[in-house]
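Two complexes come next, and they have one chain in common, chain A, joined by chain B in the first and chain C in the second.
After this line comes the complex of A and B, so read on.
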């Protein structure tokens, strides 16, 4: 028998933006329907996965997360090269944790040097993520943006407190800003409007909704993203019609349920498999809520998500 | 579809007889309008009213119960497509597969996992719900014996077979436990529908695609069967997601009444890789599967899926809260630090996780702030000195430690002075603003 499935009245589309430059640039966005609902609209560009590289050797990581990067964790350029050559990374996200003023407080110059070295080692698009300290990030990301002005970076998190400086930097060098707000659709909208008023071109903005890991606030991020997509696609809200990036890896891998060895809590099962699935389930949920770029860590979780995406966007 | 409570009330007897269990006809009408109860609970309503209201008062997606008593699991009853609009109703029951080709030990090991793999979180117990018993050998006696073993062990059962004789034999033994019959399709709908009628059990309508499945649910409906679950037969994630979304949308709009039932998904029919199976399950828990059957699971696959299910089905309007009290992290003693935070469950999880990773045994005091985080609770007057003071005195921490130093969150630094007035015996220490800085703080802290 015939069944009547009503169509969603879409009135808007997500902007297409190009990240990086040259042969390996990637285009994300362009959706005209809710995520993967291809019977109703289009998703011309599949979601992309950026692999993480840290500017200092990680401490306290689960063994499973270190093992794929054995031998390169103290060399960001070699680490990035392994991600691209061995694990087929579409993009690299450099996490500048050592610049944290409450931590190692590395200088903007050393951060710029790190990014420059990574940029020389790989030619995929680069995301450069600060320490989430708004003043320090302003200095660090400005210098990084200037030093790597030939690479069309994504820089973030760009927040209400530093959007003027970093927005101006992005305009000057053609970089993309990851406009970051704390899991709130109204603040998200407001920051995008402020960036537009400042003159940041619409194809140089990507939304960072702030990502919660599985069991640690994922549901808040999930619902804010669904609301952002709903407003963008069905209410013609052009201040929300941007692709979305989710920096999920640090959130997933820092929680105790991932760090607990199986011997300590046998019910949680194999620690590596558990970590991989915690990351994959977080990534899958975020994709279904509208993520266009995922920042991920474990190559096995990435493989699983690639397979799933191939099934969703044939 | 949507009829207001007042419209319904007009057609009720208005006698307030309470026979339906509600105090007044109006209260009953309002509950009907929200799809929370059934018109049939009113013994006095007229036939005309029944006819005009029954279609409108039923929830757009039926709630179907699989299993009986403590083993019962509910699927369906959903009223929205997005969780921010209204809380999702029935957390996706997760089933583990056993077959008549497995030996006794394997079946036993799988049932043991149902009992062992349970997790406590925010006052809830997270666990798998059902056991899918699959026939592969065509032997009715063997299938019935396996079904009886599983249902007598106290689990809700899904009976999977395409052989009517096998289904009939199994139902003969365990129908009282209300198993879900899997499945009626275009070829066997009369016979399998008759079994569902005879044994009064819920039944799956299986078809390839929505048109075919709708034809099966229509036929089952014509046999007066209401407890139906849908399997659209998708064999890959893309098709499964498309079917799930279209079924939900068609049912909610009222345009596709034959699809107004919960769904069942079998990710193992979409992949041979157990890891990918879990990833597909995670997608379908988020997007609308009523029931998910897994070929197998262990702690490493089940735990992430249970956490995801908890996240998706939690009330988006109300923050999850942890119980007020003293939490011991890492086996503290009388010299151990005492740290206080709010009872927003994320505050609790993050702070206790950081204390754990610091390896400094500590007492964590969790103050009831109605689920609000530290900053919000402070602003709302729930994490303030005259609330915290009495709690610290009464909670019993003073008997547990020999010192009197209380670490408060860095974001609540402004209450330190007033809190010392409330707690004259205590020294108030302002801790770090971010939980991630707690390990470094605790390692250098002398209580």
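After this line comes the complex of A and C, so read on.
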């Protein structure tokens, strides 16, 4: 007797978008089924990993997170080069933390200089991430976008409070916006509609659902991403048919479970292994929820994810 | 369809001050305006009313009934205040509300019996707000059982399935609608009311009326008996009174899964169609739902 294998009835597809330019550009999205459910549909473009580069030498990082980047953490261009040359990064995400007005408050000009130097050092696609201060990011990302207009950047986070300015900037220079909302599916949809109304082309939008790390809100992000994909693929909701980027590394590596040395709390076990596993577990969960681009830190965690993805998308 | 005006509420600052000063004018003004708007009942919402609740309730019941002669929903969590209101209320009053929690039922069923009062049977259990239609139905069955034990006539209960905001809990709107679909089969003769305006809580102010009207039309399809509403929304009163047949027909055709010829609809009717799809969960809510 023949057995009918149940199939999900998909009515929509995720848009394919091209990130970066030249021969190292990557294409993400294009899914016609839930993540990795290749028996139901297609996943023409495997998820991509962007490695982080910071615009200032990190402070307070776990030793394990610093060790792979020894000698380059005070030079963003060299750091980016190491990620690409030694660790095979598909993309680079420049975290402009030093522009934070509540921190070092570096100028938009210095941020633009940093991005320009990184852009000159590597030719993979670049994500440029602000300090998550709405007003400062507007100034910083506008100048970065203008200065690096010969590259197709991803700029973010673009939020409800600055989408007009940054959306217009993206239209002017052909950059992609990471449309960011605080773990809320209705606000996520709304921001995408607003960006479309503004005239941002659909192939220049990627969703940032806001990422919680393992043990610190991952499940909320997961649930919102699942629902984004359900609406996009089964309800033909074209305001949600965009690829998803998850900036997970800063969330994973800031928590005490990663930073506490083994000597201080032996039951937590080997500190390096712990951090790598927490990053890999967070990343894998986000992939299963629908992430197309992961911003990651540790090369060992990245290796684990690459192995898993290679197995899931032959 | 019995309409209950929601506007006498301690949360409104002007009325809170009037209540504290025992100044009848602002309260009576709101009461009369709601009566003119066609309300059958008025809700008197005093909130927790911890301080002088009984005196306040008795005073308001008298001034509002003197001015309008309408029956009232006595809306407070203070049991003594409800009893004080019932003692002076002329005609049948409605207790708003008795939730499905043992301590509320223990305290208020005897009061309802003593004054032969009707009541809102609020479907919130010991675990809080129900998560779907089934949990609502279970709570309704439990309330019904308790009422039978207490010898309370089923006719006295208005079940309130808890309307939740579509802006943040879209799937819960379906839980409420789903309950409405089954309640009349589950408990024949059961009456249902709801706090309608909550469906649009969190939506842009100018867009709340169409959400309220559309949801009312949807619930009316399943025999909603009463709704606690904003009396100032004239279009909503028209829907309730059968004066907006086109709008209600458009809403019901979407609910029936009919192919709607959007091009043939007026812009207003198209808005009702889009709103119905959002409230049915066919389309994900966003503040711009009418624009897409």
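What to note about this one:
Rule of thumb we're sticking to: the second predicted complex is superposed on the first by the 311 of 314 C-alpha atoms of A that agree within 3 Å, B and C clash if a C-alpha of one lies under 4 Å from a C-alpha of the other, contacts with A are read in each partner's own complex, and residues count from 1 in each chain.
In the analysis below, a contact is a pair of C-beta atoms (placed from the backbone, for glycine too) under 8 Å apart; a residue touches a chain by one contact, two chains touch by 3 or more.
What you see is a predicted model, and the numbers here were worked out from it, not measured in a lab.
Considered on the superposed chain A, chain B and chain C are sterically compatible, since they fit side by side. Look at A:190: by the touch rule set out above, it reaches chain C but stays clear of chain B. By the touch criterion defined above, A:270 lies against chain B but remains apart from chain C after alignment on the C-alpha atoms of chain A.
Look at A:307: by the touch rule set out above, it reaches chain B but stays clear of chain C. Set against each other, chain B and chain C differ in how many residues of chain A they touch, and the higher count belongs to B. Using the contact criterion defined above for the overlaid structures, shared-chain residue A:88 touches neither chain B nor chain C, since it reaches no partner. Rounded to the nearest 10, the angle at the Cα centre of chain A between chain B and chain C in the chain-A superposition is 60°.
Judged by the touch definition given at the top, the superposed model places A:60 against chain B, while chain C stays out of reach.
Chain B and chain C never share a C-alpha pair closer than 7 Å once the two structures are laid over each other.
The intersection of chain A residues touching chain B with those touching chain C, taken from the two complexes, comprises 227. Looking at the complex, you find that chain B touches chain A at residues 82-84, 116-119, 121, 210-211, 214-215, 218, 236-238, 241-242, 245-246, 249-250, 253, 255-256, 258-259, 270, 273, 275-276, 278-280, 282-283, 286-287, 298-305, 307-308, 310-312, 314, 316, 346, 349-350, 352-353, 356-357, 434, 436-437. Across the complex, chain A is touched by residues 167-168, 170, 282-288, 291-292 of chain C. Note for the complex: chain A touches chain C at residues 185-187, 189-190, 193-194, 197, 227, 231, 235, 237, 239-240.
Chain A meets chain B in the complex at residues 1-6, 8, 34, 36-39, 60, 102, 212, 214-219, 222-223, 226-227, 230, 254-257, 259, 262, 266-271, 273-274, 276-278, 280-281, 284-285, 288, 300, 304-305, 307-308, 311-314.
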